[in-house]
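Below is one structure, written out as structure tokens; the observations come after it.
Labels for the chains are A, B and C, by order of writing; each one numbers its residues from 1.
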Amino acid sequence: MRENISIYFTLLKAYTLGQMSYRSSYLYEMLGMAILTLVNICGIYIIFETFESVGGWSFWEVVYLYGLTTIAMGIAQLLASGLNHIPEFVRTGDFDRYLIRPISPLVHILPYSFALHRVGRLIQGVIALVVSLYMRGIDPGGFELWIICSTLFSLMIVYFALFLIGATFTFWTIQSAELFNAFTYGGMEMSKYPVSIYQPWLRNIFLFIIPVGFVSYYPTVILFNKHEPLNSPEFFQYITPLVALCFLAAALKFWKFGIKHYQSTGS
Amino acid sequence: MIKVSGLEKEFKIMTHKSGMVGATKNLFSRKHTTVKAVADVNFEIQRGECVGYLGPNGAGKSTTIKMLTGILVPTRGSISVNGITPFENRKENAKQIGVVFGQRTQLWWDLPPIESFDLLGKIYKVPSSKLKKNIDNFIDILDLEKFLHTPVRKLSLGQKMRCELAAALLHDPEILYLDEPTIGLDVMAKDSIRQFLKKINEEDKVTILLTTHDLDDVESLCKRVMVIDNGKLIHDDSIASLKGRFGNYKNLELDLENDEEVHLPVGCELVRRDGKKIMVEFNTDIIKAPELITNLAGKHSLIDLSVHERPIEEVIKRIYQTEV
Amino acid sequence: MLNNLNFPALLAFAKTSYKKQLAYRIANWSGLFTNFVFLFIRAGVFIACYENRDVVAGLAIIDTLTYLTLTQSFFTLMPHLGSMGLSEHIISGQIAIELNRPLNFYLIYMAKRVGIFFYYFMFRFFPILIIGSLFGLLRLPTSFLSMPLFFLSIFLGFWIAVSIMFLIESTAFWFDSDRGLKVCMYGFFTFFSGLLIPLNYFPAWILKITKILPFAYTFNAPSQIYLGIQTNQELLHNFIGQILWAVVLTASCLKILSIGDKKVVLHGG
């Protein structure tokens, strides 16, 4: 495991150094991202101006969720950047190269086309998160900090696992992972609001099948001391990192299965 | 060292129907045909051998190599490389092999070769002193100094190939697989690569398995040649025996003084005629060179003539054309 | 140049463009699936908002859901963030050749976009509406008489959106990359066009801004016609706004193209 991490960073350094040509368009992209964030928060604001509360949650609580999901997704996207290229590599046969090395093909391919300039999105998420906590009057003591960090960690892991699953499907379809990524980005969209507000069928998908809702909602319930209308068992609130890691384990197993498929069908 | 027995690889190809009706049918029923890319291949390669692997396109060469390197899983049969089964222990096997694909690069496209070398050194966990020694050695033998710091995407094909070879050998693998390494290279470049391969094979005892369409590669490097056709191994022996297997043929080139019809004796075949220049292939078991020359010189006025060994291309063409 | 409106040629471009899109069948169905995933999630938020309410800002929940479905389907008619063919041509230098064709490049460009528009109109717009109504997300229009106006409004909205993208891509004549500007504009577009939140909910002071910008005249205008909730005066105002913006943007595109053309001639592309 430690080996894999060190290899990952070694490759990452090589890739980012190769991309060091800084373009002014990156600055505009960051600005564009900032505008998008601003616009999204305005949207949330308008909803709360019109409806006062949504599912019992207040404006700043929802902004917190927004910040949370933006940061987690941002990190997951940075981590999983190489996965987007799998369909192309499978088609051209370039994927073979990743199987000939004495390292895990996953770790080998992840740093490919790491997009450093996407960091801008992360920063906005952090701002949203911090401001919302301040406005909501949450004092980040040890306990609160632990919840926030473990939620971020779990959510990021779930998003990453979703990218991995989507990419693994492309071993069969060879085309882009767009179909499955609807769930990944849909999950992000959904987690901008507390999962409890959605109708049961939709809610259950994002609680128990694609656990984006699970890992973002329950810890936040504790953080803000919300009334929990779903009457879920209490231990749900404490097992979110475990849920995230189990989901990741399942995704990794599926990935290995995908590689085996590639090894029997070639390109 | 490399032991292959009963090796088979089948691919399921979906029979595609075209058109709207066909495409809809495809959604409901999947009809497959099974294609045997490799069928019952057996061979053994010992340490330090340099073996050529020939065959027409689609014969199963790349499939075999992919199974040997662990990329593909065989349908049947076993492979053992120094006691390791490649597709089961991919990472272990990777440490003892080097691979060069002629058509695809193993290097990092945007980085200079030296950086690729460093990266590979870390990936293969080569001790830094050994790595430096190897890199310096390859820079010297392969003459890489001039473009060591130029991004790979800016290199010529010949320069790139030399870097690929260095990269494949940085971790001192015992075995080197080469898939069309000289494709697209000019004569000088091909020659320098062949020299290099000869050196590492003879001096360092690196086992080499080389697939190629360039028969000069094979003739200059390999004492042993395997020929695969339609998934089956149809020849596994020395080059000389390959030539001899399909008869002992030689070529006779003639320059006639007059553009006239030529009657060839038994055992001869006209290969090519370009006005007054003629190429004749003859079977030395039936008629010997001196006899043939005397025969033709008696009937025609000759300006010039020369006798060659039948080129290996012809041999291979014959093999490809006639299934065994 | 406008005297040069070779309609048969333009029609041919549109047809080819449409046929090319037909090949992307699988991508289309994947996209359709994605549309609905997002639609259900967005709808979910509003359904929760309306839990104890009947009508808010003039909209009942079914009106809001209809608006969401409509804007989602209009969105598929819009060009994506990827290149539409202008900035590519400029950066590669191909534009020099394109500008020398006997038919104005803008017209050819729009003809191609219309072909693509027609494809998505048939294979995304309509399916979304039909499937949406099956799921109870879309109600019937208030008045069938307004339907011709509705479709015309959609086309105008498409025209405006594409022209805006064209203008942004044309900045490639002077700048390295248009991508940053596109991303900036994308945020404003989704907000002010009603794609994010139905414009009916906007506070009055924001509405003042939206009425000046072209974005509201892309998706909001036809959605309001369909819903038939606003007064006839407001609907007429929207429609006239669409026509005005379509004309202004078309003129701007033609102008900027001729300026860019001169630059290409002077500097050699």
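In the analysis below, a contact is a pair of C-beta atoms (placed from the backbone, for glycine too) under 8 Å apart; a residue touches a chain by one contact, two chains touch by 3 or more.
Only a predicted model underlies this, so the values are computations on that prediction, with no experimental measurement involved.
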Label of the chain whose CA centroid is most distant from the centroid of chain A: B
Centre-most chain, if every chain is reduced to its averaged C-alpha atoms: A
Contact pairs, highest-scoring chain pair: A-C
Distance from the mean Cα position of chain C to that of chain B, given in whole angstrom: 56
Computed distance of Cα centres, chain B from chain A, in Å: 47
Whole-Å separation of chain centres (CA-atom averages), chain A against chain C: 30
Set of chain A residues in contact with two or more other chains: none
Chain B - residues contacting chain A, complex: 11-12, 63, 66, 69-73, 87, 90-92, 94-95, 97, 99, 101, 104, 106, 108, 110-111, 115, 119, 122-125
Chain A residues within the chain B interface of the complex: 7, 10-11, 14-15, 17-19, 92-94, 96-97, 99-103, 260, 263-266
Footprint of chain A on chain C - complex, ascending: 26-27, 30-31, 33-34, 37-38, 40-42, 44-45, 47-49, 53, 56-57, 176-177, 179-188, 190-191, 196-197, 201-203, 206
Chain C-touching residues of chain A, taken from the complex the two chains share: 23-29, 31-33, 35-36, 38-40, 42-43, 46-47, 49-51, 54-55, 175-176, 178-179, 181-183, 185-186, 189-190, 193, 197-199, 202
